[in-house]
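Each of the next two complexes has subunit A plus one other chain: subunit B in the first, subunit C in the second.
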Partner chain A sequence: MIKKNIPGLQIREKTRIQHLISWLAPFLGLILVLVIFSLMPEVQDRFLRISNFKSVATQSVIVALGALGMTLIIISGGIDLSAASNIALSSVIVAFAINAGIPPVFAVLCGVLTGGFVGFVNGSLITSLRLVPFIVTLGMLGIARGIAKWTAGNQKIDAPLSWVNELMARHPSPSWLLMAPGVWLMILLAVVMAVVLRYTVFGRHVFAIGSNEATARLCGIRTNRTKIIVYSVSGLFCGLSGVMQFSRLTVGDPTVAIGLELDIIAAVVIGGGSLRGGEGSILGSMIGVFIMAFLRNGSTMMGWPNYIQEIIIGAIIIVAVGLDQLRHRRE
Partner chain B sequence: MIQNPSLPLLLQMKNIRKNFGATLALDEVDFDLKKGEVHALIGENGAGKSTLVKILSGALRADKGKMSLENVSYSPSSPLDGRRRGVSMIYQELNLAPHLTVEENIMLGKELHSWGFLRQREIREKVREALEFVHHPEISLDIPVGKLSIGARQVVEIARALMSRASVLIMDEPTSSLSQEDSDLLFQIIRRLKEQGVSIIYISHFLEEVQEIADRFTVLRDGKTVGSGEMKNVSLEELIQMMVGQKVDEMFPRIEHEVGDLLLSLDKLKGKKMHAEVNLSLHRGEVVGLAGLIGAGRTELMRTIFGLDAVVNGSVKVASVSTPIGSPWLRIRQGMGYLSEDRQGEGLALSCSLADNLTLSHFNPYSRFGFLGLKKRREAIQGWIQRMKIKARDSDQAVLSLSGGNQQKVALARLLHQEADILLLDEPTRGIDVASKSQIYEWIGQLASLGKTILFVSSYFPELLGICDRIAIFHRGRLVDIRDYSDWTAQNMMAAATTGRVV
Partner chain C sequence: MKILTKKLLLLSIGFCMLFLCCGEKEDGDMQQERGRRLLIAVIPKGTTHEFWKSIHAGAVKASRELGVEVIWKGPQKEDDRAQQIIVVEDFINRGVDGIVLAPLDDRALCRPVQDAVRESIPVVIIDSGLQGEDYVSFVATDNYKGGVLAAKKMEELLGGKGKIFLIRYQEGSASTTKRENGFLDTLTAEFPNISLLVQDQHTGATTESAFQLAENLLGRFPEVDGIFCPNESSTFGVLRALQESRLAGIVKFVGFDSSPKLVQALQQGHIHALVLQNPLKMGYLGVKQIVYHLRGHEIETLIDTGVYLATRENMDDPDIKALLEPDFSSYLDR
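Then we have the complex of A and B:
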């Protein structure tokens, strides 16, 4: 075949480059952040150290696990404002269970399942009452937080140390692990979720529902069932995130992670997730998480006050989404 | 009815031409309107009526042609501009803000104010006057419009048009969703407006109603003016003849197929949004057409069969198996497939890829334990793209960037891909190019010869006559009659669809 004679070939090559750029765009953001701080003479040597990368990775686990579930929800066209409350509730449940003498394995399981249950309730309410996800999860934000405080008697629950606290240890034992077990778990689950979204029937259904729910229904997809699964899975991730939260604090604190849901949503959005549904990727969301984590880390090293970090991250959200829109309009 | 040929000319449209892409929607159309007359604009779906009045109201711009209003050149840049010149349109889908009150809706955009503060008393006075003028002083000013009946909403909309001192009022299918009583009230209002010197352009498919209310008529067909004159000088048959015309021979390849066993039977079926029960039996290898005007209840029937709307009464039997509750999930497993009339809003997930859209209802051939074999699927899709002659870059292209005809081929390919035995096709040829159309006709014939059952909704009668075995006519939610295609002509179909009676 003579390639010259194929009309539209040029378009094809052009879009391939565009494709590459749009795939790389989130990476560019992360690289930019890394480069900027690497060039700052004040922090250069500390910032680029492996130990610093390790600690950023550890700090990111909680948001990252939440973002894995949130990506799924946002692709399906929904939103979960109760994620952070759910994380707090799950962490309190783990502490409560360990304190009550339940073996840590089961305590962890309780925590994860609590998260899953909250997600299941979210999904069931959204589909059965036909309420918008924003409202249902806004309500759940209060309910889950309230139950967490109630369970903990409105104070922190101290729990005896166990292997659970090792999950987020900065210096893991055995030392050949190099990074905290929680970080490895995060990486593993991110890969699993990316595969689920790209290579499974369920993943396609989630994209289809987010892109056009009417079409999905028309094609015989049981949209309600799928949505309940989406929110339940996302809840399980919050539950696991809660376990990590407990592991890090070694106490069950019902007031922890307030406002974290917005960080989680921001990560997904920076990574290319569209709040109108049908778009988003696990890789993008993870990069979003790390962009925010490195920014915080770098700013802290620079000795910039907290409010500067907040302003920078706020601006980044707007710039990231603005660029994304621009790209879409051009397409 | 009093005729006054000496009424002065108010509006003139000359040589109006409008293209949408490659299709010529209006071809040198002339139209004129006298002061204080009701002028009916008649034509089949797609004849160009809506395009013409959209140009008149300012929602669209003509590619060519001249318009003058009261002997002054007129070319509105927007509906707002049109309204300022006194041309107001009452839309088919009512155009009110449901949460705002009657008063707020009527005054919307022309609120009387001093320094931004509303002059409440004056406003209420004016609104009350307007409602009295249209003979509906009983409508409360403070009730949200969403709580009014459709008839009352229309009255509010007319009052709103009057508030902007309309001299030309365009009504697009005003009675299609009204009860008989509300229609009568509307006619009273129209007569009153006429007395006041307001000119009305009245678009309707209901010819008897048009004969009752209009003074003059203009008939459009395929984007051309084919007739115009005094209403009293023309008969119903002549109007129908003008609408239908002598169609240029089109290629409807009738592929030989044999009608087999009973496959789908509807027994006193009534859905949530249907107005009457429907009985219908469909056989293998049979193509049955559902004809009627837009809003006659054909789409509602399809959606009820497919489980998209709840069944209120009666049953759907597939191969003599009756299932109490239908859902699209179940119907697809019973071998049904539905092609939506709303291709972009419902039929396709536009941001998803061609491959996803084509296989969405049937992932089974490529999935193993829930995992998709993407490579296997890509190869299969290549075959479909060639077989269906879909013009696309590759199978990963978003359907958003395909042309209308190619999008429709993807939607239809989905039904073939899922190996549906019963195909419910809702306006499959609407808004697509001629080449794609004739391909779709050919496929329908081939599918029938393979023993599939096809239910084909269309508002374009020649294509139904060209490819169906039997044709059912719907009028205002009711199945009027079903007959063999050879017993129908475009004329008696149009008569049945517009009057509800079979000649």
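Then we have the complex of A and C:
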């Protein structure tokens, strides 16, 4: 009753609670998944082991790197359906380059840059042709996959083993690393991206474009340039993800990661990203990635058939987004 | 807003309680059981093909005879190498006693298998080969021989000359590549009058993609006399295309593996011969080998489960019939 007389206070309190909830919601999901599996008698002693957490972290790197870029794109109001094809293409390029006798460092660089180039093309087409991102990246999904198969000669490429293949080893070679170098890279890049999104001008511009592109343009933001950067950066992440994919498979496989773009998008959406743009966070997306990875890990350990885990993940996507919508409507 | 938080909280607490209850109830029996039964993970390449269902049945048969527990789990996406690696890793973490694996890639699965061996979990490889020496036994069909058998039958069907398609399955799949090579080598070495119109087209993983490929090829080369396919999904896809374009029965067709639909087509004369493996035996021996190894017996490092040729004439022989239409209703629910 008293509060009603002081609207400012009410609003402030409300927003604080809302902040807390939207920040906590994805965490709750992750904790729920962890709790459920650690209560299963068949696996509880094994599920909570550090070695299991380490391997889930390693398994998550590929999707997580893709999700870092995808978060950026989704916040800007776009979408990238070509992410998985881009990952496959980059991994094939790395294998191809190593096979051609190029030193691994440059091969890795080639892979990452290939990813970045695909992203750049996406961004340029979207801005110059004024096409919807959905269409452009849908086209690129086919183009990148096709080029990957072409480069690999419709085969997988067996490349000689090198240090690149140690990036994703479950037992890293200097044992003081504790986790695969790829996992550390993922954590580092996640932190960097979170900071970029929150504290830099570029990051704020991305949010502005996603919230209302016309207004953003009127405010003097160079929307086209920003969008091209967004897609290019996202492409670089896909390239890096491709390097990790190659590292894990030890072969360049053009048919790898088919449909992975949907996992990546699901992770971002579970983590609070809105397909209407202007919303999303790196932390949320990372939690989305881990929710799915732990579900997969737990279901496999339980020996559940695949269709159960597919149904569960599908349900989680709908529930997560449904709750998010509910929250918005109340605001 | 507060109501929503409360609901969320209640919901999660409810869930936890539910699982807690279930957990406590089962705990006693499960622990006892785990104390004496070996736990074997059997990892196929996929779970939807008939072939893998037979392997599953064989694995269940062995598990019943030997008193062990079998977990059956394939990669989430059919034929996805990266997913299969994840499944192997998860079973290592689960701490199973042994793994029976049909590797999707002879190279990419090497490291996960090494990881298993490092954690002292022995691995038996079935169906397709794996590079390296980390596994204790390899139980498989001699795929090359299967291809040779198919080529000889094709020559017999065509009367020594004709134009044919060799349709390939998928890039990098070792077992089907060996069949294709066996077929191709025999053809080029022994039957120079048979020419290949197509020999480097891959169907991809699904029946649908095989169907489309075959439709396109038949449209382009209507003069074809014979077709060879190296596995079930490609055989069925090509069969559908032949039936759609009314060429079934006219084009000599040699396929690989069996399923109810393929058996029906064999009966109707739409398929002229099927090369058969013995997947039930493969699944059975895979589990048996790993259990014998775990119990300290000496085991053979290489077992060939054999290839057989089924035609319309011999399809009612009891031995061939058992391979064509394996009865595993007693082992699997569905």
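The definition used in the following text is that the second predicted complex is superposed on the first by the 319 of 331 C-alpha atoms of A that agree within 3 Å, B and C clash if a C-alpha of one lies under 4 Å from a C-alpha of the other, contacts with A are read in each partner's own complex, and residues count from 1 in each chain.
Operating definition for what follows: a contact is a pair of C-beta atoms (placed from the backbone, for glycine too) under 8 Å apart; a residue touches a chain by one contact, two chains touch by 3 or more.
Everything numeric in this text was worked out from a predicted model, so none of it was measured.
Asks: In the superposed model built on subunit A, check whether subunit B and subunit C fit or clash.
Replies: fit
Asks: In the superposed arrangement, which partner chain does A:T200 touch: subunit B (first), subunit C (second), both, or neither?
Replies: first
Asks: Regarding the shared-chain residue A:C219, is it in contact with subunit B (first), subunit C (second), both, or neither?
Replies: The first partner, subunit B, only.
Asks: Between the centres of subunit B and subunit C, viewed from subunit A's Cα centre, what angle do you get? Round it to the nearest 10 degrees, please.
Replies: If I round to tens, I get 130 degrees.
Asks: By residue count, which of the two partners contacts subunit A more extensively, subunit B or subunit C?
Replies: C
Asks: Is A:D158 in contact with subunit B, with subunit C, with both, or with neither (first, second, both, neither)?
Replies: second
Asks: Identify the partner contact of A:I50: answer first if only subunit B is touched, second if only subunit C is, both if each is, neither if none is.
Replies: Neither partner.
Asks: Is A:N306 contacted by the first partner subunit B, the second partner subunit C, both or neither?
Replies: A:N306 sits against subunit C, while subunit B stays out of touch.
Asks: Of the partners subunit B and subunit C, which touch A:A208 in the superposed model: first, second, both, neither?
Replies: A:A208: touches subunit B, not subunit C.
Asks: Tell me, in angstrom, the smallest C-alpha to C-alpha distance between subunit B and subunit C in the overlaid model?
Replies: The answer for the closest subunit B-subunit C C-alpha pair is 16 Å.
Asks: Residue numbers of subunit A touching subunit C in their complex, please.
Replies: Against subunit C, the touching part of subunit A is residues 14, 17-18, 21, 25, 28, 31-32, 35-36, 39-44, 46-47, 49, 51-52, 55, 58-59, 62, 149, 152, 154-156, 158, 165, 169-171, 245, 248-251, 253-259, 296-297, 300-301, 303-306, 309-310, 323, 326-327, 330.
Asks: Per the contact definition, I'd like the list of subunit B residues that touch subunit A in the complex.
Replies: Residue list for subunit B touching subunit A: 308, 327-329, 331-333, 338, 340, 345-352, 356-357, 360-361, 363, 367, 370-372, 374, 393, 401, 414.
Asks: Mind pulling up the subunit C residues that touch subunit A in the complex?
Replies: 1-2, 4-5, 8, 12, 15-16, 19-20, 22-23, 26-27, 30-31, 34, 41, 47, 71-74, 76-77, 79-82, 85-87, 89-95, 105, 107-108, 110-111, 115, 118, 170-172, 200, 202
Asks: Could you pull out which subunit A residues touch subunit B in their complex?
Replies: Going through subunit A, the ones touching subunit B are 8, 11-12, 15, 199-202, 204, 207-208, 211-212, 214-222, 278-279, 331.
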